[in-house]
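Next come two complexes, and both contain chain A; in the first it sits with chain B, in the second with chain C.
After this line comes the complex of A and B, so read on.
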């Protein structure tokens, strides 16, 4: 049985919930109290996925684990797009963390320089929009390959929640259409701040 | 005055797009009939941005409580009061909008007269640049067209139609189309280069 250690407002936990929903995987959830000083999980920060005796940590690794171990179609992690998928998974774990941190400052009163984080976050969104704009001219709709992959799922929450720290999608027309397309995928689920209407 | 605010390609049927025009929040959307609409991005009920809403048929619905606005921005249904005939005073604010040559234009103050007509271009991208229009057009040798905020320009050997609007102080959003089929990818590279140069000049 899959078991997700989860925090409902975490963008990274949401990425895992979304992947589980898109793959149609039954699972149980353990809500973790992230209040400072409260217990998290025996393995560190959420999200953490237990699969029987196996434990997977790190949002990007959980997504690729689910695609490898629980998606016989292989379409979420296609071999022919492996390099591009890896690049955007790395981007989600590095450049996009500015948006995660900005959001924590803006809505959870975490310490940090909101303007500086938002400036970095804006440039990360611009890099994504540039890539998608280039792909559109080649007739492609997604970050890598012909269909949605774990790369799209990994970057999606930060893009959608950037308005929590004050960055809208006005400057990013290609991201705007991409997020709408992603919300139309069968099985899609939202979270607070991400509507599942489209 | 007619102002270009988006590429038609970026607002397909059923989609909404938020646009900032001189600090004002607008929603651009397109219903199933295909006509583009430009409204103030604000539901008169609770002030929610309509660009977060959803299109059904030829109506835009607010995400908060589903208030449904048809052509002309009149509210025609309030789901919480299904039997209510909605008074005509309940309406979002609609602006005159037109689409020509691949561009969506809005006339916010109603002084634009007949809408501009342009030859069809091939859409490349809308690009936000942290530079004011004066700084940007120092870098682009451009020929003005009779219509405001529309120019013809050649960049790196690619012939462009450029429309533009100002989202806010010190910023410009270019809406770029090319005239030669097959030049789109080269055009996008040229635009990215222009953005880097304009923003570097601003920083210097």
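After this line comes the complex of A and C, so read on.
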């Protein structure tokens, strides 16, 4: 049985919940309170995925693990786009963390320079929007390959929650088209705080 | 905007006691910076003038920038030993604190904002309930509220008709009493203490005194935060951002009885902080 150590407000946990839903995988959730100062899991920060005796940490690694171990179709991690998928997984784990940190400052009063983080986050969204605009000129709808991959799932939460720190998606038309497509995927689930009025 | 006496003469929450480190920390209330000093379990709070009054009630730190007519409200359930006190964290919301309280009082949004949790679109009706202003204690009460809820609480197994009571003890502090899945003859208490930082910026401190020996703290907190985040996005998109008290700016329906009473009460108190400026008064 898959078991997710989960925190409801975490964008990274939401990425895993979304992947599990899109793959239609039954799982159990263990709530972890991550409010500053509160406990975490024996393995470190959430999300943490247990699969029988195996334990996987790190949001990007969990997504690729799920695609490898639990998606016989292989379409979420296609071999022919492996390099591009990896690039955007790395982007989610580096450039996009500014948005995660900005959100923690804005809603949970974590320490940090909100304006500086938002500037970085804005640049990250700009890079994503540019990439998607280029892809559309090539006739492609997703970050990598012909269909949605784990790369799309990895970046989606931070994009959709950017309004929490005060960044709207008005300046990013390609991101907006992409997020609407992603919401149409069978099995899609939202998260509290992700608007569904687009 | 400077706070007026009606806003100054109230008790305000600054956070859960456990969230204050020893030594100095800073908070902001009604547009004023506060220096909080903790030494053991003793607190001092200073702004520009003399030290502000301090209370540590219900696991939270309270202060005032004025001279309240009453002590911090009474919460008798806090003395019941079989209840679990759960702090649900502090969440910053870019909205007027009064909007937060009013949203908390609203039953009609459950099916649409908390779909399939606190309400379902198939059963959206708000049954008639009663409201009253208890002048002896200066509190507002809404009673005999009933609502069908698919997942009323963290420990719920299925849908139930939940009974609710609401109690507004001051303009920025409210609690609801709700039948718990485990003990239908008693009431869970879910409080929302709001710290107004600016007229359109607030920190919400949800707090629960519940009868639930099944759920873990993390599950209770997760449930409450999920509900709160669903509200946050709606609150931040309401316009006008400040609560309108001018007649005709917003049109209530019968389901909004508690909101009507709340707004009338705020007018009576001449509360202005977080209120939209009126243009109909000379």
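Going forward, the second predicted complex is superposed on the first by the 194 of 198 C-alpha atoms of A that agree within 3 Å, B and C clash if a C-alpha of one lies under 4 Å from a C-alpha of the other, contacts with A are read in each partner's own complex, and residues count from 1 in each chain.
Assume a residue touches a chain if its C-beta (ideal position, glycine included) is under 8 Å from a C-beta of that chain, and two chains touch if they have at least 3 such contacts.
The shown structure was predicted, so the numbers you read here are calculated from the model rather than taken from an experiment.
Trainee: For A:64 in the superposed arrangement: first (chain B), second (chain C), both or neither?
Mentor: In the superposition, A:64 contacts neither chain B nor chain C.
Trainee: Going by the contact rule set out at the top, does A:193 touch chain B (first), chain C (second), both, or neither?
Mentor: It touches chain C, and chain B stays clear.
Trainee: Is it chain B or chain C that touches the larger share of residues in chain A?
Mentor: The partner with more contacted residues on chain A is C.
Trainee: So, A:109: does it touch chain B (first), chain C (second), both, or neither?
Mentor: The answer is second: A:109 touches chain C but not chain B.
Trainee: If we overlay the two complexes on their shared chain A, which of chain B and chain C does A:8 touch? Say first, second, both or neither.
Mentor: second
Trainee: For A:174, decide between first (touching chain B), second (touching chain C), both and neither.
Mentor: After superposing on A, A:174 lies in contact with chain B but is clear of chain C.
Trainee: Would you sort A:133 into first (chain B), second (chain C), both or neither based on which partner it touches?
Mentor: Once the two structures are laid over each other on A, A:133 reaches chain B alone.
Trainee: Quick check for you: in the superposed arrangement, does A:31 touch first (chain B), second (chain C), both or neither?
Mentor: After superposing on A, A:31 lies in contact with chain C but is clear of chain B.
Trainee: Of the residues on chain A, which ones does chain B touch that chain C also touches?
Mentor: Chain A residues touching both partners: 195.
Trainee: Which residues of chain B touch chain A in the complex?
Mentor: Interface residues on chain B, with respect to chain A: 6-7, 10, 12, 15, 17-20, 52-54, 63, 124-126, 128, 167, 173, 184-185, 188, 192.
Trainee: Going by the contact rule at the top, pick out the chain A residues touching chain B in the complex.
Mentor: Those residues of chain A that touch chain B are 126, 130, 133-134, 137-138, 168-174, 176-177, 180, 195, 197-198.
Trainee: What does chain C use to touch chain A in their complex?
Mentor: Contact set of chain C toward chain A: 18-19, 89-94, 203, 216-219, 221-223, 225-230, 232-233, 236.
Trainee: Within the complex, which stretch of chain A touches chain C?
Mentor: So the residues of chain A in touch with chain C come to 6-9, 30-33, 35-39, 106-109, 163, 166, 191-195.
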